[in-house]
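Quick notes on the structure that follows.
Per-chain residue numbering starts at 1, and chain names A, B and C are given in the order in which the chains are listed.
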Amino acid sequence: MKAIEALNFPSDVKYTDDHEWAKIEGDLVSVGISDYAQDQLGEIVFVEMPEIGDTFGQGDEFGSVESVKAVSEIFLPIAGEIVGVNSELEDAPELVNTDCYGKGWLVKIKPADLSQMDSLKDQAAYLEMLKG
Amino acid sequence: MTQPGTSGLIFNEPELWEKSREGRCGISIPKSDVPRADLDPALTGDAPKLPQLSELDVVRHFTRLSQWNFCIDSGMYPLGSCTMKYNPKTNEVQAARKGFAAAHPLAGDEFSQGALKLMYELEQLLGQITGFPAVTLQPAAGAHGELTGMLMIHAWHAKQGKQRSKILIPDTAHGTNPASATLCGYRSVNIKSGSKGILEPRTIAEAMDEDTAGIMITNPNTLGLFEENIKEVCDIVHAKGGLVYGDGANMNAVMGIIKPGELGIDVLHLNLHKTFSTPHGGGGPGSGPVAVTRDLTPFLPVPRIEKKNGTYAFITNFPDTIGRMHTFYGHFGVMVRAFAYILSMGSDGLKRASQLAVLNANYIKESLKTTLDLPYDRPCMHECVFTDKSVQEYHISTMDMAKRLLDYGFHPPTVYFPLVVDAAFMVEPTETESKDDLDQFIAAVKAIVKEAASTPELLKSAPHLPKVTRLDEVAAARKPCLKG
Amino acid sequence: MRYLPHTRQDIDQMLAVTGHDGLDQLFETIPDSAKTKTGLNLPDPLSEWDLNATMEALCSQNAACRSYTCLMGAGSYDHHIPAIVPYLVSRSEFMTAYTPYQPEVSQGTLQGIYEFQTMVTALLGMDVATASHYDGGTALAECALIALHKSKKANKIAVSSLVHPSHRQIMKTYLHPSGYEMVDIPADKNGLTDAKAFKAMDGIAGVAVQSPNFLGNIEDLGHFKACADEKNCVFITSFTEALAYGLLKSPGCLGADLVAGEGQSLGMAKNFGGPGLGLLAGTQKMMRNLPGRFVGKTTDSNGRRGYVLTLATREQHIRREKASSNICSNNGLNAMTAAIYMAAAGKNGIREIARLNHDKAVYLKNILVGAGFESVYDGAFFNEFVLKAPAGFAARRRELAEKHNLFAGICLELYYPDMADHYLFCATETVSGQAMDLLAKELKS
């Protein structure tokens, strides 16, 4: 596992305490897991996804990310309806390791209340939490 | 001292279907002495695409495969929590007797008195060893016994008129415990063990309430330590109307020393394939009998065996039973082996086995504690738990040491379990290993720790002698290939 | 004791290292109040020779100690076991190894189980098969749980009343504490599961149908598949006689989503009911929902072919309380037995043995009808069928067992109270035409 300094935390996304990120893209919000989360999990072998049309509240478990010997639940940063899932991960779950903020995104949601984004941590607050 | 591990001629062998040739068959087809009666072709399909091989093809194939396995008969197998003791060969002879092996389960009690008597007597013997008045032999494995026991606890609470929602599970319990509890609808509450690696009554008192069905305790626990406060813990749980489930997977440490039934445990499962010497078979079949107090007897699975005027019978008429856990009566073939083992050992033999299992573990603990980190330096029972702390400076992990042990001719200990310590290296030598074997093992571990400092790459790329080197488990899980 | 290697001197030297005065002192951490005062009071230990005599005496009280004609099935079948099967599976490398957690030194078990999985998928026409379960009944109960866990709304599982009665009891035991409901689908007058009754049910997460069913009749699985699809529920099929699929259309080609069954017929002795072999297979879509172990193919660090336990994240030791099943061990040695049996029998052998079973069963049915028994169902069967016996048969049956070591059928009244005088017969390749003729002659006399 890498030192916090060696990991990448872009400033254009918001973070949760459970190490997911969320990013506003037009009317939708993209969701994934942070560089810290993917580094902790190690080589990811499978991502369990919700179905399009499922709705979740803020902080609800919407799937899980698996390495060879661990399973980690993933929680939705803000409430909303699933409108897109990253189907590329079915055949290439390693994208979550190699490009967690880009090609390794997990779902896109139509937010129920965009103001919930304000409850998430920005880059500085997240880094502060990680460094404890 | 020469280590047992060495390299020899290793055969290659393809997958079965690569050897298949159209038209071969490896079995003798019985002659037909009745007219052919064809089924409606609408019901029949193509013959299943099984490989086509001669008898010798099959013999060579599986003989070669077998030679790639490590087993107890080839060397020391000190897997913690698994009790890989010697599997006596006479037990195989007993189980293969025609009267047992060819017995049909539905032949009727009067034609099955030998099997019924054996099962009845085995129940009595296991009851005697554990201190409980009643035993069921039906569960097919340890986890199955656990489920049986938890279903009985669930049924007992239902009978009291109020179901409960939670169950306490210490961090030193076996991994199956939470899953078994979930199947009974209970939510697991994790209990931390104290600084000595055992449960503290205070922690239990704080967690136990009247919505908690009970506690699942492994004793000796998975750190190899005896739960010294067991009686107090049981009293606390009972005072709040809960029951105590005992995971008896580690019974090999304490036969003739303690009886769980005398300590306040209400339900206990045993593993015949651990404590009672039956072979593990590369993953089963096991057998997980469950022993209970008198209060829980009405809930035992059916059928049960009754002895009346010298004859034995299966009986099913128990209104409070949890029901049935196995299609017939459990793994009878495994029971025969365990029965033969207990009869061969007797009271003194079983107690001696526990004493020597504990002696062997303590001997390893004392001999290696200056070589490897020992997080709980206390007298242990049948197993001891080290970590990789002392070799971390060379960037060597528990896994690297485990793999290197293979080159020395030993099966590695259990690794990365229990979870309560980081990178556990958990050694359970069992009583059937001699001092000479243990000394060889100790020498191997010491040599490996020296290598960690001098030639760490030798450990990182280990093992070197087996047929294959480390396997790509990530690729296996990412693109599962589960058939050929 | 010959299993305990320690000499007096060894013990003294070891105690000196551990710092104990004697063996009793090793248990110093156990409070005195916890130690047993009653001790063990087991019979005196037996020498190997006395053990042989004791066990021989016990097993001679089982009728099976003499050769007998077995016309009983109902989940445990009498088949020829080729000598190579017990011979190979008794190799201690298979028998005395643990679960293959260290794959580098477990390739024998791993490749064998991988081949087992492959052959099971071929036999059942399914995409994936697990490394085995305890028995057919527990495998079926696991399938019911999969269907119920998958369904977001429905909490009922519809189970044919012609599924093996013990399997239904196991399902009930497993499902009860979670609050799931099991509804019975009745049988129709042809001894088949009543599809109409199933169609009328709602709130169903899955449906389980056994074929050949407990009465031996071959179900129309294709029709049930269509009914299951209408309800959008999981279609589970089960079986107790694995050899039937040497001849019958496979459950997979008839649309099963999950298949559970008993594999004892694939080279295992009856063993008074266990250990047998639980088989569990599913479609590709179900792969990650299946409980138990899987072996997968991969490569080692030098690029050579090898096998490992895989997809372990579904299992109890990782997912803990969130695991959908608590299963840990499989019946590994029995799976290896089945692998050896299927490899030896092969495509043609298994077909031929299966045909022989059917031929013998048809012959038996005909001669019993000729001897005064009444045929109950007209439909197709594999190697088991039901007949109504003439008056007084119960006594004759016992006499046949005592005098001729011939066990003629199983009384069905135990399982279905309205089936007094109905018997379930089974004939396999082990029964000679001569033995069946003798039975007919005895019954006519």
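The criterion applied here is as follows: a contact is a pair of C-beta atoms (placed from the backbone, for glycine too) under 8 Å apart; a residue touches a chain by one contact, two chains touch by 3 or more.
None of the values given here were measured: they were computed from a predicted structure.
Note: the chain lying farthest from chain C is A, by mean C-alpha position.
Comparing chain pairs A-B and B-C by the number of C-beta pairs in contact, the larger count belongs to B-C. Distance between chain centres (mean CA atoms), chain A to chain C: 44 Å. Once the centre of each chain is set as its mean CA position, chain A and chain B turn out to be 39 Å apart.
The distance from the centre of chain B to the centre of chain C, with each centre set as the mean of the Cα atoms, comes to 20 Å.
Taken residue by residue, chain C touches two or more other chains at 312-313, 319, 322, whereas all remaining positions touch fewer.
For chain A, the set of residues touching two or more other chains reads 45-46, 66, 68.
Of all residues in chain B, those touching 2 or more other chains are 473, 477, listed in ascending order. Note for the complex: chain C touches chain A at residues 288, 312-313, 318-319, 322. Here chain A touches chain C in the complex through residues 45-46, 48, 66-71, going by the rule given at the top. The touching residues of chain B, counted against chain A in their complex, run 473-474, 477-478.
Contact residues of chain A toward chain B in the complex are 43, 45-46, 66, 68, 93-94.
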